[in-house]
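We just call them A, B, C and D in the order they show up, numbering each chain from 1.
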Amino acid sequence: MNRGQRPQAPSWHVERWFNTEQALSLESLRGRVVLLHAFQMLCPGCVSHGIPQAQRVAAAFDTEQLAVVGLHSVFEHHQVMTPAALRVFIDEYELRFPIAVDRAEPGYAAPRTMRAYAMRGTPTAVLIDRAGRIAWQRFGRPSDLELGTVIGQLLGEAVPMSPDTVAEDQESARCDATGCAIAE
Amino acid sequence: MNRGQRPQAPSWHVERWFNTEQALSLESLRGRVVLLHAFQMLCPGCVSHGIPQAQRVAAAFDTEQLAVVGLHSVFEHHQVMTPAALRVFIDEYELRFPIAVDRAEPGYAAPRTMRAYAMRGTPTAVLIDRAGRIAWQRFGRPSDLELGTVIGQLLGEAVPMSPDTVAEDQESARCDATGCAIAE
Amino acid sequence: MNRGQRPQAPSWHVERWFNTEQALSLESLRGRVVLLHAFQMLCPGCVSHGIPQAQRVAAAFDTEQLAVVGLHSVFEHHQVMTPAALRVFIDEYELRFPIAVDRAEPGYAAPRTMRAYAMRGTPTAVLIDRAGRIAWQRFGRPSDLELGTVIGQLLGEAVPMSPDTVAEDQESARCDATGCAIAE
Amino acid sequence: MNRGQRPQAPSWHVERWFNTEQALSLESLRGRVVLLHAFQMLCPGCVSHGIPQAQRVAAAFDTEQLAVVGLHSVFEHHQVMTPAALRVFIDEYELRFPIAVDRAEPGYAAPRTMRAYAMRGTPTAVLIDRAGRIAWQRFGRPSDLELGTVIGQLLGEAVPMSPDTVAEDQESARCDATGCAIAE
């Protein structure tokens, strides 16, 4: 969607985090591109396609430029896809990126973040731009080529600046067609 | 590489074209991103990786935004990888994008365009930006994720304008994170 | 191993069955070749390799000639790989062949059948001949070519006969290089 | 097909051989199972499926038990799929098993051996039993599981014996479900 028309990404509602010492949020990741990968541990399409793709993205980019965040959005079989089971899954599949447990909402099968993003199911990939807006969201199995194309475009966009950081940030633009380097 | 430091792409030296009624050139493609895919028809890595990747790219993008151009750069076994054999290969593999036969240079095994780009072998993929400069070049087997990332960044860059087309071209910027649409 | 030297397959110790109305046993399957596929639902190699392979085998052969039997042999994380979780897994992955839950043995991490077969882990594939003897056992990721070769050889072996069924069974040999047909 | 009804395999008509110092024939391979793999070097299904499968078979079995033989059966574009081009192809794709050039027959597009076997196109795989009879023939893309199953059954069949070699050959039966070993 056109850059000027991207909606602000809804906040994340998280029961608990894995693979990170402190809770992450859209605010704490502002300035980076974010791949939010919603999955369920017993969803075959997530295990065969979405999770390996998220791992490839996590391995290919500097996390200071592109952060991969998993979101365990359980909307069925809640009794067996518990945080305890997820912990084993994360360990067995050697997932290293931060993973949030989407917070259940009483009276609904789908958890709160999943509902806020109007996700149709799992896997769903969401790309959030440096300004915290949804640039792209896809249910199912996007190709690496499609995902990479959106990532490339978002990485190429300038980092949004607050007034008092304009001066130094102008020096730190290090993203070009070969990738993105941390500012010295 | 940094946008300001990209070298101008060398001209193509072509013996003959397949899959296009008129010869293509960097000049005729100015304003588009170009994927130049150099291959040899009997090169296993080209057949198993490079050519299918070029086909996926050709299928995924509007050719007015991103043009895929094959380059048959024969640097060995010239006597069997002839244009006549290439024609059969193109037909059997159902390749639809334009393909140039790189022009042989007397006294050298590698043909002229291959030498001008200092390619190390086949397959080699080159991404040329809208201004006709080399943004990225890779020998071997880049992933779709890597290739897509560079493509996305280049598609997101503004079309370079000559003075007399500024006015209308400013209206035609249609590339964003969901892809690129032809200007109405 | 040489046909004459194959050991008798140990009995199966089963807590409960899925995908079958009645319990199966080596005795009830005598006369058929059996692929016993031991797995854990959260074992990545089982999910990506072993289970799809077992499904391909189940789809390729007449179950009256070759029976595929899953064995959920949990030797770690018992608290999350419960029968209730397995039921969801079987449903989500659309597994159709009979699956036994290997019986836990107090004081041991590995369950009883797994220990009786001296399996080194999961996935483990075991091929049992028509006479109920272990013909081949493999931990890890055997190729379809290897697995198929052993299956073909075992299918080609004559059905063992008890004295009073010799006469009619001699008429029913229907296994040859194109496959195996049920006797009319 | 039933063992007793297998037709005798037609003789091979060969213009020239690659990867073998002496010409091979059904007679010289009697006693072994033979995978005859008919292909064309510019046939996409041969390059992506048939040839890699033939290579896997060649790598998996002792050539004294199962011999893989390639057959270059050109029935179109004869002028570019010449023996000289095939030599380059064999070299580039690092094919190591013996490969015969099927002999052209004046007045026909398809060469002689291809016609004798009534092949429908390329790739075609033929499995010939130890007695030189066609046990299985398949145009297209058989799975490794299917191919392996037929191979396993054929390897399990006894070596046919001529009267004067019965005594020693009875000692040399070394094929069982774990594979086939050369007689000591």
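The rule is simple: a residue touches a chain if its C-beta (ideal position, glycine included) is under 8 Å from a C-beta of that chain, and two chains touch if they have at least 3 such contacts.
These numbers were taken from a predicted model, which means no experiment stands behind them.
Novice: In the touch network of chains, how many steps separate subunit A from subunit D on the shortest route?
Specialist: 2
Novice: Trace the shortest chain of touching neighbours from subunit B to subunit D and give its length in steps.
Specialist: Between subunit B and subunit D, the shortest chain-hopping route counts 1.
Novice: Using C-alpha centres only, name the chain that sits farthest from subunit D.
Specialist: When every chain centre is compared against subunit D, the largest gap points to A.
Novice: Distance from the CA centroid of subunit A to that of subunit B, rounded to the nearest Å?
Specialist: Taking the mean C-alpha position of each chain, the two centres sit 32 Å apart.
Novice: In angstrom, rounded to a whole number, how far apart do the mean CA points of subunit B and subunit C lie?
Specialist: 52
Novice: Between subunit A and subunit C, what distance separates the C-alpha centroids? Give it in angstrom.
Specialist: Subunit A and subunit C have C-alpha centres separated by 41 Å.
Novice: Could you list which residues of subunit B touch at least two other chains?
Specialist: Within subunit B, no residue touches at least two other chains.
Novice: By the touch definition up top, name every chain pair that qualifies.
Specialist: The set of touching chain pairs is A-B, A-C, B-D, C-D.
Novice: Touching residues of subunit D toward subunit B in the complex: what are they?
Specialist: Going by the criterion above, the answer is residues 42-44, 47-48, 77, 79-82, 84-85, 88-89, 92-93.
Novice: Where on subunit B does subunit A make contact in their complex?
Specialist: These residues of subunit B touch subunit A: 1-3, 6, 56-57, 60, 127, 129, 135-136, 143-157, 175-179.
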